[in-house]
Amino acid sequence: MIWIFDLIILVFLVITAIISLQVKDLLSAAMILGVYSFLMCLLWSGMGAVDVAFTEAAVGAGVSAVFLISTVLRTSRRSSD
Amino acid sequence: MTEQAPIFILLFPFLTAVIVALVGLRHKSLSWPLTLVSLGASVCASLSTLAQVVEHGPIRYKLGGWSPPFGIEFHIDGLSALVAVTVSVVALLTAIYSKDNVDAETPDKSSQYYSLFLLLVSGLLGIVITGDAFNLYVMLEVAALTSYALIAMGNKRASLAAFKYLIMGTIGASFYLLGVGYLYIKTGSLNMLDIREILETAGLFNSPTILVAFILITVGVWIKMAFFPLHSWLPNCYAFAPTTSSNIMAPLVTKVMIYVMVRMVLTVFGPNYAFEILDWENIVVWLAVIAILAGSIGALAQKDLRKMLTFLIIAEVGYMVGGLWLADETGITGTIFHIISDAFMTLCVFLFAGIVFAKTGARDIYALEGMFKKMPLTMVGFLVGAFSLIGIPPTAGFFSKWYLVQGGINSGNWEYVVALLISSLINAVLFFRLIEIAYFGKKPAEGHDHHHGDDHAKVSEASFTMLLPLLSTAAILIVIGLYNKELVSVIQDFLSQFNLATSIR
Amino acid sequence: MSSTITSITPLLACLVSLIAVLPIVLLRKSPNAREGATFVAGIIKFGLVLYMLPTVLAGTKIEYTLWQILPNIAIEFRVDGLGMLFGLVASSLWILTSLYSIGYMRGLKEHSQTRFFTFFAISLSATIGVAFSGNLFTLYLFYEMLSLATYPLVTHHQDKEARTGGRTYLTYLLTTSIGFVLPALIFVFVKTGSSMDFSPEGFLAGHISPSAALVLLLLFTFGFAKAGIMPFHSWLPGAMVAPTPVSALLHAVAVVKVGVFCVLRVFTGVFGIDYLESLDIATVVAWIAAFTVITSSLIALSQDNLKRRLAFSTIGQLSYIILGVALLSDRAVTGSMTHIAMHAVGKITLFMCAGAVFVATGKKYISQMDGLGKKMPFTFAAFTIGALSVTGLPPTGGLISKFYLVTGTVDAGQVALLVIFLISTILNAAYLLPIGYRAFFPKDKELSKTPFSWKAVEEASLPCVLPVCITSTLALVLFIKPQFLINLAGLMLGSGG
Amino acid sequence: MELLQSIADSFNYWIYIILMMIGLYALVAKNNLVKKLIGMSIFQTAIILFYVSIGYKDGATIPILYEHQAHHGHHDAGHGDAEDAHHDVEHAVEEAAKEIHAVAEDHADGHDAHADDHDTLVDSHDAHTSSAIHAEDFANPLVHVLMLTAIVVGVATLGVGLAITQKLYGEFGSIEESEIIEQIRTGK
């Protein structure tokens, strides 16, 4: 049944991607992008790419989220779209 | 020592970038000499590599001893050696030129500037000498990231331009990466020569995957080289970036991308696939014609000197894309030749624009007023660059156009020939407008002022570090023009492996 | 007949004036030394050309390959009859023009004289380069060089008028050379793959289709816009804003003659007379030239500005030369080649006279020149001789070339064109001769009654008048001794028949 | 169920295309600079997903050799153990890559014969070195290594983009593209 698990992750990936782009509050957008990245990690570790998954968790989800959040805090939280 | 030359081309600027970043924290004044030394060494290494290639044929340099399909390999043939020499020489000249400008424009960031500059150069050199498609992507991004930063060092408008460039550049690079991914699915290799071999032996050319890969790579590279409909990021970037940033990027970035295109079409996919199986030539040549005309006409509309020159770059990109897709050996020779000559002539006019900006602080073309009297030597340098862009013998630009036009006639692409000539004429109009302003001034006096004689004209040339690169570039343009036969023989040596349609000779 | 020797002399002859730029610029502080340098260079150049004359007259070609610049194409010098003829004219007249420009420039206290002399020297180098070039590519190279080097001369005054004139000048010359000649050049190269060396038989035969040949021929004829064929003529009157020595050099010797010279080269050296004859396409060019002859003469009649009238006269005379070669008969071609020299001598006299009048009196318009003959007898005597020569009347050299042209037309069987020649000769006489006549015999009764006295003579300075006298004498001498010019022209036809 | 499973297998590819399109749309159409960069991040991860999917084989495991695997074919290994192990790893990498070759060629219609050839070659090669390691047991590690680089590149791009965003905010007081362009147009 592992493929169902995969499928669910994939669907959620799309959903989180769309939400992070649609939400007006940039801080939430950054958070949701973090969730998106973690889902991606999960998917990749399931696909035998543990090293990629780890890197994504640390660099992709971690560092980019930090970058995004710090930028949002320094500039403005509101987005017009 | 000499057999290690290929790696030194890249290693010198790269390591020095790190050193400059560290040393620059304390001793800013060391950045410039360090940069010069490393680039000088890089020039020597690339020249020595070129000599080796000319003498012994292509070099395959295995990085760390891993054999090709797995390890990263530097593959240096005539084409990459020539472009590597061009890149390193242009970089060295711009570095010399940077001294006064960087201190004037970005005084507190000079060590960052040099560090980024060196990284950009190593990225570009890496693109040129690598033999690995994925490695090329990494180098592409190294060069791109540093250029975003270099552009953003400029004024307000530069930051926005840099952001747009970042978006477009990322799309382009990602397309390229995707294309390489598709190639990898089919061939299981990332080494360029290996890919080609597998494509041919396994007869994969009919596969739609390869078609998708080809389209993605071509479009990706077109975005990065600002091929006409995809050019919108370029003019503002180069026009508003700090002087030296645009001086290094305008000649090199688009040209190196042309190199990537040539490399992909010829070495990776092979002319057989690109030209015969796909049969796109006519479409692409027409696109190039549109690009040439659009770029030239766009340039006519500009009043800002550097912006005008950026539109010329777009037209020149059209020359080279069209030249490649003529699918004719002479035409492709012209394209490769034009990579080199265009790099130097763009450098020449941008260096001049930088001097004008440094001396007058104005960006529009009327800043040139009375320049012949004020700085005759600078104008001589500019004239050579301008003549080369127009295509007046014996400058390099004339000869590269010569081959391009010849290729166009050979392959019967008359629209391309006409477009080239029209664009040459428009260039003539553009540059003689500038020369006229420089010669007459904005408002020509009625009647003549007899005592405004030549004996007491105020001569105020640019500083030595700015003048030297300009004049050297002008000299290089003429030397390339005079020795074009030797250059072309290297190019034709490289092309001889591809069995292209040849002219009657 | 077609023996060749290799010698560096042609290159030296070409380079002398280019090298002279250095002393001219270095000596800019002392005008006398500067002009001295120009002068010495002019004499050396003329000497070098003369030195080659006997060899060339003996039927030997002098070759020198400078640089193998493209695969198969070299920058190459070759001196043959036609080149020699033109080189001789250009280099001898340069000496006189330099002498004259010293008088003119100083007389008017012109600015930037160093620049003037510098570019003058460069233009001369380019002119000799064109004359001695051994292949089409070299020819094009020097042709472009000449366009660019004369631009600062045309726009010398740097005022609004100069700007417009200069703009027209460059627009016409560069558009045609880049737009027409360059593609034609590359097309020829692609189709023949040859070195594009000029040869008496031409090298195009058999490589292109007749229709392509016609297109090429027209591209070349119009492309060398310096020849002033209509509708690409209007740069010439526009370029009249230049100082007179420049106009004299441009419109009598260097620039316009380079244009017709190039056309002659293309006709004889690239296509080959025989090949053109077999194709039967040259008539098109002949009629275009004939049209230009008549139209320009008519326009010239209506001009009051002396220099402009002379400019339009030049356009007509240039078309004679092209018309002559387009007739393809031996005599006509000989006529057009000698006409290069004859017209050069005649026209330079006229221009220099116009300049001398301007320097002495500041008058530019023909209507103001009534009765000036009494004040400037030498100038106007020379002017009359020049006018006779250009019209083609005895006892001047102009008659010789006209004679060859007219008999050549008869040979070619083109009676219609013969009529054109006659009409145009009448027109020439109508717009040139009255000027001299009026100067000596003004309409105004009072002026004509004023007795001539040496005290009233107000000639321009000696350096202005002397060259005028020399060239007008030359025009007379050429009437008596035209033989060596005809020999030189004949060399070009030697193998053709 | 099998049908569903086969859809799920290629689902990766569908999702990667969808994600790419979402990212591309954001890059082009979004007005907010940070949103653009988020779009870019999604775009790049989608490509990485594509690459990882290339390297993935059904039932394959992570490309790490356990000690017993490494020693399986080398009972006589003495002091050179470490070296041999290294060799095996290298060999495994090679096998994996060759496996992809073979797969690739299988895909190409009409070239089965050639592919077979290649397979036998691989097998014979296998036989006399280490019979215990089969490339098909492992995901392709080369792809993973490449993707590590790609991830880092992506984050670096994001970092530069965000830095420029902050600079723009400092200069224009806005991170909306339309507002910035308006400010430039109305003349600084």
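Every chain is named by a letter (A, B, C and D) in the order it is written, and numbering of its residues begins at 1.
Everything below uses one rule, namely that a contact is a pair of C-beta atoms (placed from the backbone, for glycine too) under 8 Å apart; a residue touches a chain by one contact, two chains touch by 3 or more.
Predicted, not measured: the structure shown is a model, and the values here were computed from it.
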{"item": "Intercentroid distance (Cα basis), chain D paired with chain A, Å", "value": "17"}
{"item": "Interchain centroid distance [CA atoms averaged], chain B/chain D, Å", "value": "31"}
{"item": "CA centroid of chain A to CA centroid of chain C, Å", "value": "79"}
{"item": "Intercentroid distance (Cα basis), chain D paired with chain C, Å", "value": "73"}
{"item": "Multi-partner residues of chain D (each touching 2 or more other chains)", "value": "143, 165"}
{"item": "Chain contact graph, described as a line, ring, star, complete graph or other shape", "value": "line"}
{"item": "Pairs of chains in contact (touch as defined earlier), listed by label", "value": "A-D, B-C, B-D"}
{"item": "Contact set on chain B toward chain D in their complex", "value": "69-70, 134, 137-138, 141, 144-145, 148-149, 152, 156-157, 159-160, 162-163, 166-167, 170-171, 174, 177-178, 181, 184-190, 198, 201-204, 207, 209"}
{"item": "Residues of chain D defined as touching chain B within the complex", "value": "24, 27, 33, 36, 40, 43-44, 47, 50-51, 54, 90, 93-94, 97-101, 103-105, 107-108, 110-111, 114, 142-143, 146, 149-150, 153, 156-157, 160-161, 163-165, 167-168, 171-172, 177, 180-181, 184, 188"}
{"item": "Of chain B, residues touching chain C in the complex", "value": "387, 390-394, 399, 402, 405-406, 409-410, 417, 421, 424-425, 428-429, 432, 436, 439-440, 444-455, 482, 484-485, 488-489, 503-505"}
{"item": "Of chain A, residues touching chain D in the complex", "value": "3-4, 6-7, 10, 13-14, 17-18, 20-21, 26, 29-30, 33, 36-37, 40, 43-44, 47-52, 55-56, 59-60, 63-64, 67-68, 71-72, 74-76, 79-81"}
{"item": "Residues on chain D engaged by chain A in the complex (per definition of touch)", "value": "4-5, 8-9, 11-12, 15, 18-19, 22-23, 26, 30-32, 34-35, 37-39, 41-42, 45, 48-49, 52-53, 55-57, 60-63, 138-139, 143-145, 147-148, 151-152, 154-155, 158-159, 162, 165-166, 169, 174-176, 178"}
